[in-house]
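In what comes next, chain A is part of two complexes: it sits with chain B in the first one and with chain C in the second one.
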Partner chain A sequence: MSLASEELRYVYAVCRPLDAPLAADLTGVGGVPPRQLAHEGLIALVGPVPERDFAEEPLRRHLEDLDWLSDTARAHQRVISALTSVTCPLPLRLATVFRDDSGVRAMLEEGADRFRRVLDRIDGCVEWGVKVHLESEESRERPAEAPTQDKPRSGRDYLRQRRSRQTAQDESWQRAEVFAQALHEKLSRRSDDSRLHAPQNSSLSKAPGRNILNAAYLVPRAHSEEFVELVDGTKDEGQESSGLRVELTGPWAAYSFTADDPGTEGTRADGTDTGTGADQTERSR
Partner chain B sequence: MTGSPSGGLPGPYGNSSGGANLADILERVLDKGIVIAGDIKINLLDIELLTIKLRLIVASVDKAKEMGIDWWEQDPALSSGARHKELSQENAELRRRLEELESQGVLEPAEKESREPRK
Partner chain C sequence: MTVVERREIALVDLLDRLLAGGVVIKGDITLRIADVDLVRIDLNALISSVNEQVPSPWPELE
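Here is the complex of A and B:
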């Protein structure tokens, strides 16, 4: 244990004891394989990380570094993803770090009730992400490109053109919102729970168009195939009705459903205007 | 992966693994997932995804652009440049229309303008 002072413990997730082994070649943060630390019927998936990178000061500095952050985030997700293929883990937020194993055990002990409650709630489920993008909007936003052809002949024409462009944009927005809302209601009925997240910035995600809906659905594994088919079915529907693109990601671990009390956090979003309110509630904690 | 304990679960869709979309991963690992106070106290709870993006961008604009993270340039709330561009486009358009109307004699040129008086 002479290394104890130089190594910290990075915790990826908490789960029930595994029925199947993790892939032997799985590596996590720093290229090190994670191991299971059991305590009172719960497992913490932990990996050793060097203090020079994960002590408070260097960690803070690293978080400013896009390369470091991307690598770490991918490593974190790689472990969670592998774990999700053998169980329904409770993923911890990035960079949850303890001094040593006893710190991790204390954490498991302290949070045992909370972990068990949430693990029960997400048992047998995975998370599917569904986003809707409005693709055609950007092209409409550059009307100035061909000014000679439809040059307004009078001030009134100019204003009329301007207004009709605005109206067209409003209409496509409205259609998009109606579509997104209907889709969300449909998917909510086919899932155990759902969360509406803030729309992603399209440039960050490199997804063309504008993100209208960014939702997560908690779906039993047994019903996942149906769920995927349901989403696939709406893809054409959206495409035909005015350039709406439906994007499905997953299966993810139940990242969006880890809060202890579903009553106060987020929503059982089968209502109508729960979107931003729910997200803010979650964010303001 | 070993075996198929997931029982008929469809294979990964989109971005949850492999060449995953960084935005989707960051959104989840930084903004979702259970928050536990570790021994190392970095309050990620206070660091919203947006804040992190902004700080990253300040730290490394070129890298961010390379990855397609340049949304702040188009966002009027974040970029005075974008707002300015928007306004000056509209200004130019209005000025053009005004000149056209004046040249058609629909409108008298405004006298107090520093324009060339046409007599």
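Here is the complex of A and C:
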């Protein structure tokens, strides 16, 4: 096997030709700087990756390895983040790999119309992530109740206490859903587009409480400051009323808004899953 | 919250975007999205299994 065949091409993003250079010390996956591959008036940001890690079989194995996945995701994000500071890139899904440059060119040629449409739609925009967490009843209310309720004297005591905790949980859950729904509607009105991600598993996120809302909003850069202020304003509101924590992340590249037609959330005609959509929020309970 | 803490991106937020977002292009090396979703589920299970269960507040009755 020749030396050339041992390297594959990892593609981070597609964008328009850059007006400003990328940081000279920027490195991507494997610690290697990405380079620009131009074709059809579009740029693919590409880096070489070893076949022993990125051929189908090793890649499948690696994706099960949280440390590897984490390192690769962070390297990918580092490149996208640098790119986002000079343009509005179209990020590719993690681990999109081609055999060689001609494979990347063919991809740009084949997808050119679609890339241009999406690049036009996200032009000048960034993505903001907004999450709402409901802190658990135990962590919020136990300190105050602890002296009298920590040790039930009988089984009946225990059941009564559990019932009242259950009722309190149901009520705070309902308040949380109303709050999250209202927040989502308010933020949707202030953004060009929005998308609901599946609620995060709290053991994976290590965030206390339960994730009620996990949304992404596409916001013009020019309106980002207002959007952030709007979200910050709701943080106190949620905290005071019922142990709800609002968390803002971003600005991100428009990762959640890369589908060609924003109207077709979920499954596209070619059968690929473009998103988890609102239906999954139902599962969170 | 310090600037450093604000800049540290949680892995879970990153994976929401990198595994559920981003353009899906059929590369030369292709993992179907279904496979990636499976990986994600395994990941959840993996992390749940290594986390200790939260102890019951009523240990004497368990």
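To be clear about the criterion, the second predicted complex is superposed on the first by the 234 of 285 C-alpha atoms of A that agree within 3 Å, B and C clash if a C-alpha of one lies under 4 Å from a C-alpha of the other, contacts with A are read in each partner's own complex, and residues count from 1 in each chain.
One rule holds for everything that comes next: contacts are C-beta pairs under 8 Å (C-beta built on N, C-alpha and C of every residue); 3 or more make two chains touch, one makes a residue touch a chain.
No experiment lies behind these values; they were computed from the predicted model shown.
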item	value
Simultaneous placement of chain C and chain B on chain A, clash or fit	clash
Greater residue coverage of chain A in the superposed arrangement, chain B or chain C	B
Contacts of A:P251 with chain B and chain C, given as first, second, both or neither	first
Partner chain in contact with A:L90 - chain B first, chain C second, else both or neither	both
Which superposed partner A:R99 touches (first chain B, second chain C, both, neither)	both
Partner chain(s) touched by A:E225 [first = chain B, second = chain C, both, neither]	first
Touching partner for A:F179 - first (chain B), second (chain C), both, neither	neither
First (chain B), second (chain C), both or neither touched by A:D19	first
Partner chain in contact with A:A82 - chain B first, chain C second, else both or neither	first
Which superposed partner A:Y217 touches (first chain B, second chain C, both, neither)	neither
Shared contact residues on chain A - chain B and chain C	8, 11, 14, 54-56, 59-60, 63-64, 66, 69-70, 73-74, 76-77, 90-99, 103, 107, 111, 118, 129, 152, 155, 158, 197, 200-201, 203-207, 216, 249, 252, 255-256, 258
For the chain B and chain A complex, residues of the former touching the latter	1-3, 5-10, 12-17, 20-36, 38-42, 44-45, 47-48, 52-53, 55-56, 59-60, 63-64, 67-71, 74, 89, 93, 97, 101
For the chain A and chain B complex, residues of the former touching the latter	8, 11, 14, 19-24, 54-56, 59-60, 63-67, 69-70, 73-74, 76-78, 80-82, 85-86, 90-99, 103, 107, 111, 118, 126, 128-129, 144, 152, 154-155, 158, 197, 200-207, 216, 221-222, 224-225, 228, 247-252, 255-256, 258-259, 283, 285
Residue numbers on chain C that touch chain A, as the complex places them	9-25, 27-31, 33-37, 39, 42-44, 46-48, 51, 57-58, 60-61
Chain C-touching residues of chain A, taken from the complex the two chains share	8, 11, 14, 54-56, 59-60, 63-64, 66, 69-70, 73-74, 76-77, 90-99, 103, 107, 111, 115, 118, 127, 129, 138, 142, 150-152, 155, 158, 197-198, 200-201, 203-207, 214, 216, 249, 252, 255-258, 272-276
